[in-house]
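Heads up, the thing below is written out as structure tokens.
The chains carry the letters A, B, C, D, E and F, assigned in the order they are written, with residues numbered from 1 in each.
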Amino acid sequence: MNPDSLSHIDDANRASMVDVSAKKVTARTATAEAKVHVNEAVAAQFDGKDLVSKKGPVFQTAILAGVMGAKQTSNLIPLCHPLPLDSIKINIEFEGRTATIQCTAKTTGKTGVEMEALTGVNIAALTLYDMCKALDKGITITDLRLLEKAGGKSDYQADPEP
Amino acid sequence: MNPDSLSHIDDANRASMVDVSAKKVTARTATAEAKVHVNEAVAAQFDGKDLVSKKGPVFQTAILAGVMGAKQTSNLIPLCHPLPLDSIKINIEFEGRTATIQCTAKTTGKTGVEMEALTGVNIAALTLYDMCKALDKGITITDLRLLEKAGGKSDYQADPEP
Amino acid sequence: MNPDSLSHIDDANRASMVDVSAKKVTARTATAEAKVHVNEAVAAQFDGKDLVSKKGPVFQTAILAGVMGAKQTSNLIPLCHPLPLDSIKINIEFEGRTATIQCTAKTTGKTGVEMEALTGVNIAALTLYDMCKALDKGITITDLRLLEKAGGKSDYQADPEP
Amino acid sequence: MNPDSLSHIDDANRASMVDVSAKKVTARTATAEAKVHVNEAVAAQFDGKDLVSKKGPVFQTAILAGVMGAKQTSNLIPLCHPLPLDSIKINIEFEGRTATIQCTAKTTGKTGVEMEALTGVNIAALTLYDMCKALDKGITITDLRLLEKAGGKSDYQADPEP
Amino acid sequence: MNPDSLSHIDDANRASMVDVSAKKVTARTATAEAKVHVNEAVAAQFDGKDLVSKKGPVFQTAILAGVMGAKQTSNLIPLCHPLPLDSIKINIEFEGRTATIQCTAKTTGKTGVEMEALTGVNIAALTLYDMCKALDKGITITDLRLLEKAGGKSDYQADPEP
Amino acid sequence: MNPDSLSHIDDANRASMVDVSAKKVTARTATAEAKVHVNEAVAAQFDGKDLVSKKGPVFQTAILAGVMGAKQTSNLIPLCHPLPLDSIKINIEFEGRTATIQCTAKTTGKTGVEMEALTGVNIAALTLYDMCKALDKGITITDLRLLEKAGGKSDYQADPEP
């Protein structure tokens, strides 16, 4: 165990939210990504813009669910701060049998929006599963990760390849 | 496009929840899994039972978040049915630099709990990211998928390897 | 004041949920409707299937919001009972400058789903307003009412004309 | 279709939240209104201040539900921004067989509170329905609209008559 | 430490929901209570039925908040099961400078409603604090406890005096 | 009744949120406390850091529930304002048969965080009840009160003894 990183942990190692009261309000953005792999039966439903399913348009539904899910981030992740959001944008590209979902979140606040971007991608990916599970229960989500963040104490840029 | 699977889609392809009013109430279970890959700095915090972080105990927090997140499934996934839950159980194994998260959900109801199991795993994995992101912003979630379901019209068993 | 209907009201007239513990579990359905009136600028965006707006597809978004809103009914209406839902279906017809929104809710439970159907219509109508307000802030919602209910102590059928 | 208003719509017309990160924080207010029409049996319960029902005081309950509902706006309307609220005020006037509900919302933020005012009125109106439906299932909500907004890029004032 | 009660705890002592899938669906009720002590300035606002405050009627508001809060129990208490509720009833008695709040919850389900009754009392008590804090920041809540439960594996009856 | 405090109450005494639009944004903090009394069987589970129960670690779970509950304050307390939170910290001390729970909340906003601190304590205390009720249904919560607040129009400091 790294003794340095333990220096601020009390003996009982109890959960606690980071205190951001002394941090500056700045513009912050974060982008996250996931890949969703479907079988042939699902891929065959692609009409060039969206996957067509009995439950409705898959990407449209996934995008809306992702935007709404991103707004629930501080209710879902125990130690996340609730903060106003300036923008949540979700994009889905589909090629072969893989949907690539990206979510960019923006705030003007005291703490970053990495978790909002990750939650948006995540709920969109789960919704894609739900919309298509009648045709493929083996849909798998991979490479869910933060691509970049900017605007806080330090920026971050992921490697191009996961 | 597969014409058969389109036979029940109306022209406008609008979203709609599946009507389960005629389905039988049966005992249903589902198990989902994800793998979360961390760097050396995070892995070094493992004390044999949990990852120790400045924000608190990582697996404990992730498990509680996952259980609570699974209960939010029908609020997060647009076309999911709200249903009573008999049990949600989340387990996390850690080996090398990989945490394997499993969630099993149970209901006695008219529809399955795949989405509850997947959501529980998902929110637990995101919480693990949140708890450790000070040490590793490159944490990646992979192999998020359904392992098995039982109790409805048809059972499902995933391949051992993703 | 009607003395009969007051016979069960205590002196302080305090709020209280109806006790449904002795009621039978039966299949129940309810359908509600609203009309949403838009201006020419909005109506001109109709492509035969949906209103096209800068924020996205209007009816698709309104339908998903309505389904998700109907699931929040017992959280929004203070004395409503939380209950499992078998189906929520929202349909939107557009003719001239008027969108007609209908929502049908179904449960197998001890109490009716009128409020779920009304809430679904309502949130869909508000979402339509939100999607189009850049072109028309004067959008007006009228004739929001229950069309019919079935399956409880007594059925109900509204007059054809509001 | 109006080609101008389409200039910013991508081919797939996917849902997306407006990015308000560059907008100024200003004081913003909005007021919305609805009319709720009840039958004689309900109107006879008016004691000069409130409608008295078996479930409790109708206007008191509707006002509280409307205030709480307005706070849920960004959770209910998919593309609404979550924002802090300075005030939500709901007023109900009753005359003849019609209740007129008004809701005024205020924020100091980057985007307007029209949807908060409309949602507050809406949930109050639905609650009025719920409280009185034992006496009148035909209660109808009409003239739900924005009366005025101030404080953003442009103000708005509705016509006196709907 | 009592070795018997530890026999089912795994080494890591991780959180887990009780699995109720094998339990019988029965009618269950629970009643909880709390006492709220206010100062003279608040007590002087009692008009015989309610405390009158600038923010509105105190007990009416507290009762509605308690009912709505009880419906949120499984979202607030991490290991609680979501279950349908047949009834939530809150009563407040005021004598001298003490308000006694009772909440009775009922379900027909596989697990008890003690937490729903306790949460209802709790949120009602907190709301009473919020409504009156302009006159008394020292309001204190005491004797919050379960009074009785019935309908599950074992009944419970509290001692008359806390 | 105190005529002064009634001067702003309208005749119908209807609920209304305080309008904080003219208040200044300042740093605000509040601390609340409660005591939770358990029986011998529960106290015997204390391992020096936490109470060990079949459902998991009691204080860890209660702390997380309290932090998440504090974030729900404006959804639970009808007339509370939603506001961003800079920090929520919960501490639990255990001595003899009594757990003392404290919660400190911080915001940079227009209104105080007393209700957030009180709600955090409250949900933590209820969760402690839920985790231990298999061993003691008579667990009682007392002395729930505000300890101090700072940063608004006026500060507050409770008496040392409740």
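Keep in mind that, in the parts below, a contact is a pair of C-beta atoms (placed from the backbone, for glycine too) under 8 Å apart; a residue touches a chain by one contact, two chains touch by 3 or more.
Chains and their UniProt names: A, B, C, D, E, F = Cyclic pyranopterin monophosphate synthase.
Worth saying up front: this structure is predicted, and the values here are computed from it rather than measured.
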Contacting chain C as well as chain E are chains B, D
Greatest Cα-centre separation from chain B belongs to chain D
Interface copy of D-F among B-F, A-F or E-F, with over half of contact pairs matching by residue number, is A-F
Whole-angstrom distance, CA centroid of chain A to CA centroid of chain E, is 36
Chain-centre distance (mean CA atoms) for chain A and chain B, in whole Å, is 15
Chain-centre distance (mean CA atoms) for chain D and chain E, in whole Å, is 31
Residues of chain E that touch at least two other chains are 14-18, 56-57, 60-61, 63-65, 68, 72, 75, 78-79, 84
So the complete set of touching chain pairs is A-B, A-C, A-D, A-F, B-C, B-E, B-F, C-D, C-E, D-E, D-F, E-F
Chain A contacts chain F in the complex at 11-12, 14-21, 74-75, 78-79, 81-84, 109-110
So, in the complex, the side of chain F touching chain A is made of residues 27, 49-50, 59-60, 63-64, 67-68, 71-72, 84-92, 106, 108
So, in the complex, the side of chain B touching chain F is made of residues 56-57, 60-61, 63-65, 68
Chain D contacts chain C in the complex at 1-2, 5-6, 8-9, 13-18, 34, 41, 44-47, 52-57, 60-61, 64-65, 68-69, 72, 75-80, 114-115, 118-119, 122-123, 125-127, 129-131, 133, 135, 137-146, 149, 156, 158-159, 162
